[in-house]
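Scroll down for the structure; my scribbles are underneath it.
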Amino acid sequence: MREVRITRNFTKHAEGSVLVEFGDTKVICTASVERGVPRFLRGSGSGWVTAEYGMLPRATGSRNGREAARGQQGGRTVEIQRLIGRSLRACMDLKKLGENTITIDCDVIQADGGTRTASITGAYVALRDAVSFLKKDKHGAMKGDPIKYGLAAISVGVYKGEPVLDLDYAEDSAAETDMNVIMTDKGGFVEVQGTAEGEPYSQEELNAMLELAKKGIAELCELQEKVLA
Amino acid sequence: MREVRITRNFTKHAEGSVLVEFGDTKVICTASVERGVPRFLRGSGSGWVTAEYGMLPRATGSRNGREAARGQQGGRTVEIQRLIGRSLRACMDLKKLGENTITIDCDVIQADGGTRTASITGAYVALRDAVSFLKKDKHGAMKGDPIKYGLAAISVGVYKGEPVLDLDYAEDSAAETDMNVIMTDKGGFVEVQGTAEGEPYSQEELNAMLELAKKGIAELCELQEKVLA
Amino acid sequence: MREVRITRNFTKHAEGSVLVEFGDTKVICTASVERGVPRFLRGSGSGWVTAEYGMLPRATGSRNGREAARGQQGGRTVEIQRLIGRSLRACMDLKKLGENTITIDCDVIQADGGTRTASITGAYVALRDAVSFLKKDKHGAMKGDPIKYGLAAISVGVYKGEPVLDLDYAEDSAAETDMNVIMTDKGGFVEVQGTAEGEPYSQEELNAMLELAKKGIAELCELQEKVLA
Amino acid sequence: MREVRITRNFTKHAEGSVLVEFGDTKVICTASVERGVPRFLRGSGSGWVTAEYGMLPRATGSRNGREAARGQQGGRTVEIQRLIGRSLRACMDLKKLGENTITIDCDVIQADGGTRTASITGAYVALRDAVSFLKKDKHGAMKGDPIKYGLAAISVGVYKGEPVLDLDYAEDSAAETDMNVIMTDKGGFVEVQGTAEGEPYSQEELNAMLELAKKGIAELCELQEKVLA
Amino acid sequence: MREVRITRNFTKHAEGSVLVEFGDTKVICTASVERGVPRFLRGSGSGWVTAEYGMLPRATGSRNGREAARGQQGGRTVEIQRLIGRSLRACMDLKKLGENTITIDCDVIQADGGTRTASITGAYVALRDAVSFLKKDKHGAMKGDPIKYGLAAISVGVYKGEPVLDLDYAEDSAAETDMNVIMTDKGGFVEVQGTAEGEPYSQEELNAMLELAKKGIAELCELQEKVLA
Amino acid sequence: MREVRITRNFTKHAEGSVLVEFGDTKVICTASVERGVPRFLRGSGSGWVTAEYGMLPRATGSRNGREAARGQQGGRTVEIQRLIGRSLRACMDLKKLGENTITIDCDVIQADGGTRTASITGAYVALRDAVSFLKKDKHGAMKGDPIKYGLAAISVGVYKGEPVLDLDYAEDSAAETDMNVIMTDKGGFVEVQGTAEGEPYSQEELNAMLELAKKGIAELCELQEKVLA
């Protein structure tokens, strides 16, 4: 696993603001708290957590067209932000959040593989800071601690026949299999997405990748708690 | 597993046209062959397979706004069509396809859970028919059989604590875990996507779901070959 | 006139669901009932009927780009769906419908000429089923039977100098004149749209086409009532 | 019929520029000549004529949102501009035009009913001026006079039970039937679009409306030629 | 300065309607009054003035694609309409306007340089007519005269080394510096925008341009008042 | 003037990458070099410089909707990125750049007033690094040094009756006048944009603001050269 750094309070306006670095991958994760919830939840007493993802045009080796200028988020962006939001909701009790919305923005300023797993790992820390903000807020209407679990994400793959943890861009591009694993600090699976890039993979390879992922997740959860302490 | 029916030559214009039914879920899968490939492949000698997915507005219990009228495909649609395309490419040798593009359209006319797995299972049959069309075409420029594997997809879940195969809408809505498994006829994994809907799931539950999925996939591959014979 | 088939209850979710076939042209027409009306009618006591039209990408001989993916409905689509909605409203007393909205979706799964006239003819049957649904609904707030007339549509043209009824794609492409006629079962005109494709047409040709259309409409209305009985 | 005025050379840049007034309805019609044709005609030796239609936001009694700001042309706009383009092409021999494109812009600066028929009537005059421009152009590659017919358009309706020619906005809003008739100076029909606004109309009403239209068209064609002389 | 003409009541529907001509540049400016204000002002007691700008496709020497058809307003359009709105608000006391919205539409029907300054100069006159309309309206809820200043705009530039007033298109294209100056009739600056087109400009050139602009503005304000008298 | 910091090589992929900080305003400016130019310059031998601007959603006190998700860049964004691009081109000899395109991306990660002037000041440094990259590139086809001038930008305003340099968000919101001044290191004006926020401003205030701006620009140019040395 590459060196992981998590810096809280990276920017000054957001209720939670984290710079997360997995090696050369750098993502700014902010959490914004708003009173109220989307229409489909109004009056339910339940809160909402959602996420948006973006990349600066030159976060990558060659420039990607700016999605705002093209007038549309790409398919990959949509897929990733849905994954981030879904994962964060899975570690929460939204009823306890009360009718508040927390929006997580994950913006990649430098990409070197694993931007979605870094985003989730950083977003969780920003989310915790936003929840702390709400706890101190007399008008926030929370009904207890909405955080049920710790949450982290890591990529694993099969590269040159060997299971590998936390692939950088070069490894990821050449990997036979690419798997993103999102787990709680209690060892439960929140999401497993394993894609054969070259050849189909076997049950043994799947098991080996999950084993590796569990170790990585445990380390990440420990680091998150240390940073939040 | 619900009753599965696969009807070839469902409409008359497409090079491959299949109606696939998983119980009350009904999807029209067509395969369209075009000479040439997208720009990023021109001159590479390699072909391309891509997929688009849609639902008729009233395929579901209540009417969904038409995506063409809203001016945008929704996030769920984008996610599904990327999955279909990626899975189909994983069972092919695109080099052997030559510089041809096969576009798979999966249009759900009636939805009752499992539309993405039904789509992939039907799309594979339409793809095979399109490849047969190209084989007979003297100008098609194929360089051998581009089909490397059979391919099918099935959903599994944990429902009331029990692993369940091929969830219908009612089960899917209430399932604790929802997993889509896409495999080859040789038993290799092409894609595994398992999402905790309620609580995180355990390694044991994951294993039980995969075991069930393998059985379902084997049945589906057998049916596909029977229909194609 | 080609063989016409009308199949009710074609899909299971919609309040009205019809497969209509004019020869090889096949259209799924569904009617969806919703409480309430668009803003411009709120509080008026009047209901609303509107229509949307679409074609599966491979309903035609070569694949058409999916409108949802292109982010816009084409001009032809817009023109047709406005015609369908306008025609259906012309056979109704919207006051008697109460503040309900019926949305008709016409989706062409196979095209061989005459998709707009088939759509209207099938949509009317789906509309009738939706009205029957509302009649049985205690909360539906209807104020009597909103159906004033039967309604059907047929294309006529001048092809090789002769007036022809219900042109298929080959005839339509080669016709000198193309006319769509929408009439009530009482013989009143709801819409007449006649376009010179090659040379301008004469009053005599117009008369001959209308004469032919009347006969076709009468047959269609009879078939609709038989199917609805 | 209201007073009709046609002013050529209304603005200075376009190859044809006409202000057409049908009573208080005022439309600027410009014709722009460009070398080359759309892709589907390249190399065919044939030219192309197309039209776009718009309304200034406050051409009407209450302000309509600007289509450019809403990011989309409305359904009515699309329908009208397709009608204008189709009608103009019907009076031309596009082969003789050579590989040139003439784009007609019809922009309504004040609306009082009949904007589409005024547009077509004015557009024809602008088109003629553009063709004259091309005739004088040594590089224009025309192959003879591409104008086959004179062309004009008029609306007719049934209003308070009587057939009426050239309805203004007040009449149009209250008419039972609204018909747009586009004819050549030789008396051939190019397009007939008759819509029942209230009750279906009869063959007798249809005949009476067409009779009235023919007289109006003849007057308009005479005026056009006088203005062009 | 080119000859300037201002024609009130140019079209009949709008509460203010002005044709403004700066030489061959011709712009229709309409002011539309609506009760109510945008959401961010509701309940504030304050009114709102906003502007939209457009060009007919063939207002210019060669045809520009229609923004409504392209589905987006261009950057230049957005920039200009923001400038017009901002300038008009600067000469008003929006509190006195009450909760009314005045929308100014500036549509260029012929362009020959200086369309934005002509637009502002004409828009002010239309705005004054709209305010007069509101004054006479018992339900208009105005709280005194909201007009604080007269307002006009003029372009100046450095062309062949000399400061020039009110550049036409030929001068504008060749100018080294292009400056738009918007001032009140009391000589206060509302907006100054000076852009080096070729080489950077000096303080002396800036001063010379502003001097020239002041004279032009004074003449324009005089003409506006004469026309409004 | 607030403390200004300029950090080169802030991210690793771009040919020029700068973090610029004006007090709490922080902008990442990257310069991306691509061979070739937009269509309107092909074959001209001239290069192109263009800019895009964005803000992370939570760069500000309350969250702004993500432009990519809304499907459109806002008017303010468009206005700013046009200003940045225009200013950078004004300090260059594009002929000497050869047929290369440099795209500048300015992404605000934290906003506290003056984001456009910080962007221009940082963008110039990134541009210089990109030009250095091209100088070392044998295939880059530059024809001499394309940089004609140093370039920096600063905001000035009138706040509580006093001219103020480099306004932060609190000052900017309350300022009577807001002016952005962009100048070369030789003291030439590239762009002056002065807007009356409250009352119109006088010639004296204009002069005082420009005087202040000149001092600020001189300091910024000095800092840029120090950083680039």
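So that you can tell them apart, the chains are marked A, B, C, D, E and F in the order they are listed, and the count of residues begins at 1 in each.
To be clear about the criterion, contacts are C-beta pairs under 8 Å (C-beta built on N, C-alpha and C of every residue); 3 or more make two chains touch, one makes a residue touch a chain.
Just so it is clear, the structure is predicted and the values come from calculations on it, not from any experiment.
Subunit C maps onto subunit F through a rotation of 180°, based on Cα atoms and reported in steps of 5. With centres taken as mean Cα positions, subunit C sits 33 Å from subunit B.
Note on chain placement: the centre of subunit A and the centre of subunit C lie 49 Å apart, centres being C-alpha means. In subunit A, the residues touching two or more other chains are 71-72. Read around the assembly ring beginning with subunit C and moving next to subunit D, the chains appear as C, D, E, F, A, B. Subunit C meets subunit B in the complex at residues 11-14, 17, 24, 26, 28, 30, 32, 34, 52, 54, 56-63, 66-69, 71-73, 77, 103, 105, 107, 109-111. Those residues of subunit A whose C-beta lies close enough to touch subunit B in the complex are 72, 75-76, 78-79, 81-82, 86, 90, 149, 183-184, 186-196, 199-203, 206, 210.
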